[in-house]
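Below you'll find the structure, written out as structure tokens, and then a few comments.
The first chain written gets the first letter, and so on, giving A, B, C and D; residue counts start at 1 in each chain.
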Amino acid sequence: MKKLINRPEDVVREELEGMAAAHPDLLRVDPELQVIIRKDAPIEGKVGVISGGGSGHEPLHGGFVGMGMLDAACPGAVFTSPVPDQMLEATKAVNGGAGVLHIVKNYTGDVMNFELAAELAQAEGIEVRSVIINDDVAVQDSLYTAGRRGVGGTVLAEKITGALAERKASLDEVEAVCRKVNENVRSMGMALTSCTVPTAGKPTFELGENEMEIGIGIHGEPGRQRLPLASADEITEMLVTPILEDLPFRRGDQVLAFVNGMGGTPLMELYIVFRQLHRILSDRGITIARSLVGDYITSLEMAGVSITLLRLDDQLIDLWDAPVHTPALRWGV
Amino acid sequence: MGNSDAITLEILRRITEVMRENAEELTRLDSAIGDGDHGTNMARGFNAVLPKVEAMAGQPPSALLKTTATTLISTVGGAAGPLYGTAFLRAATALDGKNDIDERDVLAAFEAALEGIKARGKASPGEKTMVDALTPAVDALRAAVEQGQDLSTALDHAAAAARTGMEATIPMLATKGRASYLGERSIGHQDPGATSSYLIVQAIADVVRENSG
Amino acid sequence: MKKLINRPEDVVREELEGMAAAHPDLLRVDPELQVIIRKDAPIEGKVGVISGGGSGHEPLHGGFVGMGMLDAACPGAVFTSPVPDQMLEATKAVNGGAGVLHIVKNYTGDVMNFELAAELAQAEGIEVRSVIINDDVAVQDSLYTAGRRGVGGTVLAEKITGALAERKASLDEVEAVCRKVNENVRSMGMALTSCTVPTAGKPTFELGENEMEIGIGIHGEPGRQRLPLASADEITEMLVTPILEDLPFRRGDQVLAFVNGMGGTPLMELYIVFRQLHRILSDRGITIARSLVGDYITSLEMAGVSITLLRLDDQLIDLWDAPVHTPALRWGV
Amino acid sequence: MGNSDAITLEILRRITEVMRENAEELTRLDSAIGDGDHGTNMARGFNAVLPKVEAMAGQPPSALLKTTATTLISTVGGAAGPLYGTAFLRAATALDGKNDIDERDVLAAFEAALEGIKARGKASPGEKTMVDALTPAVDALRAAVEQGQDLSTALDHAAAAARTGMEATIPMLATKGRASYLGERSIGHQDPGATSSYLIVQAIADVVRENSG
């Protein structure tokens, strides 16, 4: 295992200390309890928006805390859902009296822990709603699975939901727009390499020099299928076809096209994928109205890519364009 | 069973030991069909439990188990945290007010724990989870207790059944938890949560045996 | 070689096509000639600021084209200096009548090619100045080398110089501030792994499981020293000590602290390095007034990190904070 | 030398061929002490040169060499682009107006090329660059020409000297170009640019020999 770390047990705490040192203008960080809170929280009359999940997906979620996006994030151990204590603390810290929305990626652990936290927060008199993000089309049959995973769509949901909350919309409205994003967003990912959980010390899976995994999640887990390595154009086609068919996306739709690196893939390759994605969408009469290219929801140093498409309407475009000021996403301010 | 509080503490010590020793193996199993953290999660949880319950010497079993439950919930995370947390919480509730625990109490605690896991995880047997180790364990325990066997013997039966249940997860297709995302590829691997469940039942049986007779 | 590419010969062209598709609002891209130009160039009366260099360092330089930073970038083949034709074309395209500044990283190839381009542009009547960035303290003895390399400082020079040019400062002033950044910036980098140039097909060097390279540049080349793998804290110390001694940085200085990932290193690890950097600087009485953490000047998928410190004054802080709108760096707009 | 234009074209064809064949080897050498692109750079350059000069059949050698120079400058990039571009440009100038090239002309062209590289790269012998292959080559060529040997023989001497010069870069410490960043670690590796220079001189010698006598 080759990593820029000290002791594997300390990675999350030390990372949070580093974030605190790097972004004192934006964040309040508790490295022991593992909570990252927007500097100026709670904001009176504003719905608090929080999320959380295992670490190893950075910048998700901590890098998205700030004006116009999340009010707080709770990072767990690497690839391990955080615990209810963190979520409860975050919920209390961002409660401005208008209620708190929990954005939860659909993983058994995350869902159960957030459920417990919501119960505890409700018991303390805070109104909590939860929206579960489940945009991964790789998991097809939710009858025989824990349901679709929450992946790239989470980033878009956090941005758009946070923008509406910033405008002091009600908890109902904020919850509704988050659900709307979830209903209109689809993703699929693939890996060229595995990644190594620091405390595990070795790669989660082994992949031959001419193999790839299609339909991965974001936890370094193997995908739905192992296939021979293909070209960027072919891979893009394999990822985007099920996405387009699932919603389905139709001629005339406007979309936000999000090409996300899994952590170890150079930006060059993401643009090569974007090129082909653009061609495929153009052929189908789908317009890329907004784009996002980069590493936003990762699996440590995994090489790979995910594609996320969000069907846009005027409200979603307006909220996407709204100002945001976080460590990892910033514009308009 | 005399000095149930001391035995409960010893059980928690043993489980902690076993989780530390098997952390690597549990993580290896979780790497195959999950995300490679189950061993670390369980070891972290019981490492946090141990000093807390050590400081509670003299308190009744249910108090020790309740602290175990809340500490697991607060430190394990992932799927295992709420599931085992709920299990220990339900067991604590089942043993509430009892200082001198007998076979029937232990059975009631096990039954409550399993029900808690099934409710929290919305899981049934055959889905390749910890439920597949615990269900046969509870069944075996019930049968033994109903046949009038002593606690130690009954727990030995439960541990043996848990092991069989754990092994039976190998050919199963996972339909709950992370392993379910693998579809057919989950077949052929032993479930990490079923493994930790077996290890816990075995640890309980071992400590009770050592303290009986 | 596992990469998300089609044919190795096509990576740069296809990347540029992807950039054009992703950022039509910001960029005009010529994928054949390999020039990336700010959409609204040339701007009458504004000094044009251009840079360029081998590809494989993305987002540098193309990701920094836009309002408040570069007017154009010329990407060469991977790790290969671009050719004078590109630079001449870019120079002509951004010439708003106030002259053009070439920001050149100090590599023999880059320097010679930019020299040729400047001569050609001058011959066409465009006033061109060049500033050579050479901030890498790993190259100590410039008597026996091609001189210090240009690395992380380049990103900061491009941002700050671009900000002043945006304010329609004169070519003299724009050149002067670029030199000032170069005089006050120092960097050093290290690698945990090599990287693979697509056309080469195999890693540039081999590194054992317990080895690292200290004092690397950004071209996947081996560093000055191969050492046993060390902890993040120790590595940070090894990188920052020569930086601090070189300028030297002193108690009371305000700095911009830039922790840069080489491409394959997760953000988590960059923050762990930032944590220790912050401690070391605090101990020495040096204040981190601004920070930048992320992958900004990379070596394809190399795992590793570089640290850059820029000594700040009021002018540099003001220009750093000025609005910028490029694919990779954006704020205030 | 009769039909100098045809021979020049054949030389450029041969160099292109040799660069294609040796691209991998040159890149391998450049990976050891540089950035692993020299072979690709040279092959890309001559691949661009070839169709252009093929379309110039009948034009004088200096025109062919000038097109070679500008094409190399426009397509190679890196250090090698301006260096070889300058070399061919200077050679073209030295041969300007000559259709029938003799030994003295070839010597003058080689001398001009080497001077161009040294000026552009600010390099001297002993710095582990292409200069270390070309300097002995030019010296050998000059000596042979002054001794009155025929062009083919003189070029054979030049090629042999270039090879020796190329091999002599192995123990050198690089003080120019990328390899200089390696300091002591540059010792023990053959310089890629010296290697491509040797290959070019050898290609010229081979073609001239095949066309003589």
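We adopt the following convention: a residue touches a chain if its C-beta (ideal position, glycine included) is under 8 Å from a C-beta of that chain, and two chains touch if they have at least 3 such contacts.
These numbers come from a predicted model, not from an experiment.
Student: Please report how many Å separate the Cα centroid of subunit A from that of subunit D, as a whole number.
Tutor: Centre-to-centre distance between subunit A and subunit D: 55 Å.
Student: What whole-Å value do you get for the distance between subunit B and subunit D if each is reduced to the mean of its CA atoms?
Tutor: Here subunit B and subunit D have centroids separated by 75 Å.
Student: Where the centres are mean C-alpha positions, what is the separation of subunit C from subunit D, in Å?
Tutor: So the centre of subunit C lies 32 Å away from the centre of subunit D.
Student: Edges wherever two chains touch, nodes for the chains themselves; is that graph a line, a ring, a star, complete, or other here?
Tutor: line
Student: Throw together a list of every chain pair that touches.
Tutor: A-B, A-C, C-D
Student: Sort out for me which residues of subunit A touch subunit B in the complex.
Tutor: Contacts found on subunit A: 54, 76-85, 107-109, 112-113, 115-116, 138-139, 144-146, 149, 197, 199-200, 202, 204-205, 217, 219-222, 224.
Student: Provide the residue numbers of subunit A that touch subunit C in the complex, in ascending order.
Tutor: It comes out as residues 2-6, 11-12, 14-19, 21-23, 55-56, 58-59, 63, 192-193, 209, 212, 229, 231-233, 235, 257, 259, 263-275, 278, 288, 291, 293-295, 298, 300-301, 303-305, 325, 327-328, 330-333.
Student: Help me check something: in the complex, which residues belonging to subunit B touch subunit A?
Tutor: Where subunit B meets subunit A, its residues are 27, 31-37, 40-41, 44, 73-83, 120-121, 173, 175-178, 180-183, 185.
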